[in-house]
Amino acid sequence: MSSASNHTWNRFTLAQRLARFTVFLGFAVALSASLRTVEVIPEFLYDAPTQVIDLLGRMWPLDLSYYPGGIHDAMVETLHIATLGTLLAIVLAVPVGIMGANNIVRLPLLNWLAKLILVSSRSVNSLVWALLFVAIFGPGPLAGTVCIGFRSVGFVGKLFAEALEEVNPGPVEALTAAGAPWPSVFLKGYWPQVVPAFWAIFLFRWDINVRESAVIGLVGAGGVGMVLDTALNLFYWDRVSVILLSIFTVVVLAELLVTKIRKHII
Amino acid sequence: MSAAVSQKYGPPFKTNWWVRAGWTLAFLYALYAANYLDVSWVRFIQGLGNGGQFLSEMVPIDFSRWKLLVENLIETIEIAIIASAFGVFFSLPIGLLAARNLMPSWVTWVFRTFIALCRSFHPVIFAILFVKAVGFGPLAGILTLIFASIGFIGKLFAEAIEEISLKPIEALRASGAPFISVILYGVLPQVLNRFIGFSSYQFDANLRNSTMVGIVGAGGIGGTLFAAFQRFDYDFLATILISIIALVMVSEFISVQIKKVFQ
Amino acid sequence: MASTRSIRVENLVKEYTAGKPVLNDISFTVSGKASVAIIGPSGTGKSTLIRCVNKLIPPTAGNVYVSDENITELSGKALRQARRKIGMVFQEFNLVERLSVMENVLSGRLGYVSPWRAWLRKYPQQDIDRAFELLESIGLIDFFRQRADSLSGGQRQRVGIARAIMQEPHVLLADEPTSSLDPKTSVEIMELLVALSEERGIPLIINIHDVELAKRFTSRVIGLSKGGIVYDGSPSALTNEHLKEIYGGEDWLQ
């Protein structure tokens, strides 16, 4: 490439460096423009530490006696919403994932449609999905479960489609050459190859959904979030802190459980 | 004679009782949980009726208030940009201080706990607390997403540092380089590319979340969305949802392009 | 036997880009207990030729008849059912690694068994009996419950061959079946393929780059070069001159 007389070594080509520079410059311009126009009142920021200390003062001491009567059932409901919602997501995501895998369905239009469904599911935040389903099904865990399901389809479906696209094509070719009908090729050629990924995706998403289902109650979709909402509206800060502590505990336990099962399976 | 062969070797397949039990349990659980949550077919069908009506009220979508929409979208983007910049900026030192191969254990313990705290709570909980602390408006949203970013990038960054090769660091230490130089020349070059990857991913995540924090009053398009909901203003709601999806798709496209530049 | 199992390829042409044929006007017929080696340099279309036979790759022109049924004009379900008559053995074995040896062998019956029964693993008893017999005869009976990825290369290829035989094929195609194996195992696999072909009267077509193996085991050699047939005859009549024409150059012959 370079002649013997030219010993300057550059890690990147000029075009690459220019592209990188453009990205950094673009971000710097966007940042300074944002900082100048965003409506932030600095006094509020200076006041923040006082407010936070005041808030912490109201949260302490924790009203632990509130847990058995007020929080426990809602927490169990939250876990049910997370689990059932994840199962619903899988039921919905498998067909969409298959439709999105371009090595299985070779119609670009369908691939594109699947991508649109998956992106829409992921772009709309879980709280927004919760609002939608509360409007449809009324407040309560049904709206929450469907919300978690629809919100997770994008994530589960995307990863499932990627796992399908990465399978070794050899066995699939062999089964096709043996004259197997399409469903059999899928069951015996693709499915065994993606099973480990499938369970990993399920666990991963369940972990995330425990976090999400703890807050969708803020807009009425069931679970511990509804208890939190009540406590916030009534300024029972000592209860708020107990609720937050119990969410934290459950989330950490869920993560530990998932890590343990993953090690066991994979 | 043929059947004798099969009898000699027993059943052709080993039944995987674990898998069977797993599927049966999952099925039974789904029934139990549905019952517990009072999720019934009747309610579902009723809901579908409501849903149909809901969708029909969404069309035709209402673009008459586009000015408000654009202002809100811009504020949403601004929140995401500022929060990403500060979040990334703070994640660098926090990630370094949480890396177990570089720091003494009492330091990493403190920072790992901090990161775990940031990660364990959904951003909306932070948003509520910050709205109480600094009042309604985008500042609360920015602070929320800074903490969310630290939780995500800080963790991944610390893990990336824990995976680096220690040989260059040994060499630098042996040559008597001060600690800062070891970090600058031994550690950062090995993880910078991954760090940029995490950052662009987090920007996407921040953009999505900044469309939501407004629901609890922390600025951005979420506030308008929530208001449209409460006023049953479903045609405007549809407009907002479509523009959020479009915004996220555009940002995903841009981040794919940026990743190409840095590969 | 009432009708002899056979394969007839007529004027087969395959172009990936128009005007540049990979295969140009290939014709040959194989029937009964014959085993044919197809030799030729890499990239000369050996793999494409094999895959044009069962239409995994659709040919541009020409026809392929398996036991007098024209494969080329079939599509959909008819093609699927015709493929059951064509057994195929692969270079990389192409087993489903996470399934058991038994299930891999029985997957050769997937063209006959409904997906529903396949999912429940309710294969007909006679299929299971045949699978046990086959596994006994190829010496893998002790492994039938093991996962395919726990086997060695030679064992895997035996399972791949058993899978193809389970189809009760009218022709057996093997695409470089020994290229991923060591020399000793290669010889064993060739012996097995030829023995099964002769025992069951199935015409065998093998893509192979090892000329010595081809000469030692097959009854006929077809030499491909630049997409055309340049030699078609008995292995003993294959001279260095022919090899030079097929592979080009001569230094490698020394």
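We just call them A, B and C in the order they show up, numbering each chain from 1.
We adopt the following convention: contacts are C-beta pairs under 8 Å (C-beta built on N, C-alpha and C of every residue); 3 or more make two chains touch, one makes a residue touch a chain.
Everything numeric in this text was worked out from a predicted model, so none of it was measured.
Judged by the touch criterion defined above, the protein chains are all mutually in contact, each touching every other. For chain B, the chain whose average C-alpha position is most distant is C. Located most centrally within the structure is A, per distance between chain CA means and the overall CA mean. Per-chain Cα centroids separate chain A from chain B by 6 Å.
Rounded to whole angstrom, the centroid-to-centroid distance between chain B and chain C, based on C-alpha atoms, equals 50 Å.
Each chain gets one centre point, the mean of its Cα atoms, and the points for chain A and chain C are 47 Å apart. Touching two or more other chains at once is no residue of chain B. Multi-chain contact residues of chain A (touching two or more other chains) are absent. Shared contact sites, meaning residues of chain C that touch two or more other chains, fall at 103. The touching residues of chain B, when paired with chain A in their complex, are 26, 29-30, 33-34, 36-39, 43-44, 46-47, 50-51, 54, 74-75, 77-79, 81-82, 85, 116-117, 120-122, 124-125, 128-129, 132-135, 137-139, 142-143, 208-209, 211-212, 215-216, 222, 225-226, 229, 241, 244-245, 247-249, 252, 258, 261-262.
Of all residues in chain C, only 100, 102-103, 106, 121, 123, 125-126, 128-133, 136, 141, 144-145 touch chain B in the complex they form.
Across the complex, chain B is touched by residues 16, 19-20, 23, 27, 30-31, 34-35, 37-41, 44-45, 47-48, 51-52, 55, 77, 80-81, 83-84, 87, 119-120, 122-128, 131-133, 135-138, 140-142, 145-146, 211-212, 214-215, 218-219, 222, 228, 232, 244, 247-248, 251-252 of chain A.
The touching residues of chain C, counted against chain A in their complex, run 54, 56, 77, 80-84, 86-88, 90, 92-99, 103, 107-108, 110-111, 113, 115, 118-119, 160, 163-164, 167.
Within the complex, the chain A residues that touch chain C are 168, 170-171, 173-181, 183-185, 187-189, 192-193, 195.
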